[in-house]
Every structure is written in structure tokens, then in C-alpha cells.
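Before I ask anything, let me first share the structure, which is written out below as C-alpha cells.
Chains here go by letter, A, B, C, D, E and F, matching the order in which they are written, and residues are numbered from 1 within each.
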Amino acid sequence: METWLPSLLTETPELGFDLAIKLSRVAVKKTQPDEQIRLRLREVYEKDADALIASSQVVAINFQTVAAANGYWRT
Amino acid sequence: METWLPSLLTETPELGFDLAIKLSRVAVKKTQPDEQIRLRLREVYEKDADALIASSQVVAINFQTVAAANGYWRT
Amino acid sequence: METWLPSLLTETPELGFDLAIKLSRVAVKKTQPDEQIRLRLREVYEKDADALIASSQVVAINFQTVAAANGYWRT
Amino acid sequence: METWLPSLLTETPELGFDLAIKLSRVAVKKTQPDEQIRLRLREVYEKDADALIASSQVVAINFQTVAAANGYWRT
Amino acid sequence: METWLPSLLTETPELGFDLAIKLSRVAVKKTQPDEQIRLRLREVYEKDADALIASSQVVAINFQTVAAANGYWRT
Amino acid sequence: METWLPSLLTETPELGFDLAIKLSRVAVKKTQPDEQIRLRLREVYEKDADALIASSQVVAINFQTVAAANGYWRT
């Protein structure tokens, strides 16, 4: 069975950060499934400081989840 | 007794993410129970980058809860 | 002694979600105690996508608290 | 020695919620110490749905802290 | 070696709250190091309800961190 | 193998705060990889109080993660 999210565990913090970005994007995708519309919106918000900061906040929240799941990669 | 939220436990992370989306939508539904109004609003915010990012933030917060409830599906 | 918040413990996740909504509303009530003004504002924000999303975010934060208090209703 | 915040512990959840409101207000007070200006601003945001929702979000975040401090008043 | 943040531990909750405010301000300072610009911006947002509420939210988030670090000053 | 995020562990709280800022910036960079555009946006939001406060909120969220990873540098 295929899944876009097999696990929250990643080998490294960097891969965990990438997963946090993925979680943020999938949430948008599930609300707006039309890729054409998403691409058009992306062109706008990519050049908008407020939207970029808001995006980075979503990533930060998701990274909290992924980091906790991985025991903060302490060992 | 029927309930829309029998449990926070899900078998997989992906199902947990879907539950986080459901929690986000039910919160809106409880504030605005009129489906016609919700559908009209949806047409607007689906094409609004800021609203989509804000939505994905609510999903991220709810996913923190669901992931913690499931022990991050570690095993 | 009467209280609007006797406990954070609820029997089910659904009742916990309802409590999270209640916590969100009481916070507004404590800042704006005038019910007439609150009702007038409600008419506006009920039809405003951004306000609905922001409301659902407050519910999500309060649900984190209630869910943690209840050990995520795991058993 | 006097202090506005002797402890995060409260006897009941309701008193904990009141403390969360207090924490939210003191943060504003420390940024804008002039009471006249705060009162003037209050008149505005008390009638603004977005500001009320934003305020209730700050209360929700502070209530997470107070509730955790009190072990969620479980016993 | 001097540092503006030797520790997250404080003797009292009130000092912890002050540290949360400090963390919030230093984050702004690191993004906008020019004190003149910061002072000019401060004059504006000090009189803006939305900005004050947003500031108090950052303090609330930082206070969560400081309070957790101090075991909520429970003893 | 090089990585921008080898670990969430830092020797001091101050270095942890710097890492939180780095996490916030990398999230923006991953959404807007064009450095020229980022620099142009930076010139705008550096002088915008709301954007600065929003930025400091993202730092606060990331600092929660880094501080938890480091056991709050308690020892």
C-alpha cells in the first residue's frame, strides 16, 4: 500500500526538516487539489514577505512534531 | 452512540494527518453550521494564498495533537 | 460553588473538542462581555473565511490542552 | 517582596484560565505601559472580531502553560 | 565570555516572564539590528492594537519555553 | 556528507537561539530559493513592524523545539 507519509521518523534532522516542509505542502494540497491554481498562487506568495513568513511558521510547527517524534535525533 | 470523533488513535501517520484535517474542518463547521455559506466561503479562500497557508497552520496544530496521541506511530 | 470550568477531563474526545470550543468562546467573552456587541460581531465573522480559520486555530490550540489533560483518551 | 506573578499554580481550572488572561494582559502592558493609550486601543479592538479572536488565541497559548504547570488539575 | 542568554532558568515566574519578553525582543533585534529603525517602528506598533496583541502572542510562546525549562517553578 | 543541520544540540542557550533563527530563515529559503528576491523582500519587511513581529514568532516556535531538544540546557 502506497502512502505519502509512511513514517515521521527520519535518519537526520535535515531530513526531518524536509518532512516538515512536505507536511506543510500536503496540507495546502488537500485544501486546494487543483495544481494549476496552486502554481498560480505560488507565483504570488513567493514574492510576498508576509506569506513567506507565514509559510515558515507552518514549517516550524510541523518541525516541532517531527523533531519530537524522532526524540530530537539526540543520539 | 454515534460520534464524529470516536478516537484520536489512527493506524498510520497518513490517517492521522487526515484526522487533523477533519478536526480543522469540524471547528469551522461548529462556528458556521450553514453549509451553503461554508461552500461560498470555500470558493473564495481556496484561491487565496494567505487563507490556504492559514488553513495549513490549523492542520499542523491539530496534527501535533493527533501525533502525540499516537506516540508518533513510532513502533 | 458554581464554575463554568469544573474540570478539563471529559469522557470522550468529542466532548473534549466541545470543551475546546467553549474555552475559545469564554476567552472572547471575558474580553468583550457585552453580548449584544458579540452577537453583532458574530454576524460579521461568521461570513468571513479568514476569521473562521482564525477561530478554528484557537480551537485547535485549546484542544491540544484538553487532549493532553485527558491523556488523549487512549484507554 | 511583591510580585504580580507569585506562582503558576492555581486551585481550580477556572482560576488557571483567569491567570492565562492576566498573563496575556501583562504582556501588552509591558509593551505599552501608558494606561490611557491602552484604554483607547481597547475601545477599538473590543469591537473588532479579528482582534478579539487574536486575543483569545494568546489566552489559549498561556492557558496551555498554566494547565501544564498544574498537571491539568487532574486530581 | 559574555552572553545575553546565559540560562533559561530564573528564580521566580515573574523573572521568567521578563526573560520571555527579552527573548521576543532579541528576535526582532536580530532581524532588524538598526536601533533607530526599531525605535521608529516601536512608536507605530505601540499604538496599534493588532501589533500589541501579536507581540503578546510571541511573549506567550516564549514563556511556554521558559516555564517548561523551569519545571513551572512548582517547588 | 555536508548538511546545514547536523544536530539540534548546541552548547549554550544563546547558540540554540541562533539555531532557531537559522531554522526560520532556511524555511523561507526553501520556499523562495532566489536570493535576489529574498533580499528585495527583506528590505521591505525589515521596516515593517508586523512582519518583524511575525518573524520573531517563527523564531519563538523554533526555539521551543531547539530548547526541548537540549533539555533546556538545565545542567
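We take it that a contact is a pair of C-beta atoms (placed from the backbone, for glycine too) under 8 Å apart; a residue touches a chain by one contact, two chains touch by 3 or more.
Model, not experiment: these values are computed from the prediction.
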Touching both chain C and chain F we find none
Touching both chain A and chain E: give me those chains, sorted by label. F
Report back the single chain whose CA centre is most distant from the CA centre of chain B. E
Report, in whole Å, the distance between the mean C-alpha point of chain D and the mean C-alpha point of chain E. 16
Mind checking the centre-to-centre distance between chain C and chain E? Centres are C-alpha means, answer in whole Å. 27
Counting only residues that touch at least 2 other chains, which ones in chain D make the list? 48, 50, 54-55, 57, 61, 64, 68
When you draw the chains as points and link the ones that touch, which shape shows up: line, ring, star, complete, or other? ring
Taking the complex as given, what residues does chain A use to touch chain B? 3-9, 23-24, 26-28, 30-32, 37, 41-42, 44-45, 48, 50-51, 54-55, 57-58, 61-62, 64-65, 68-69
Mind pulling up the chain A residues that touch chain F in the complex? 12-14, 17, 21, 46-50, 52-57, 59-61, 63-64, 67-68, 72-74
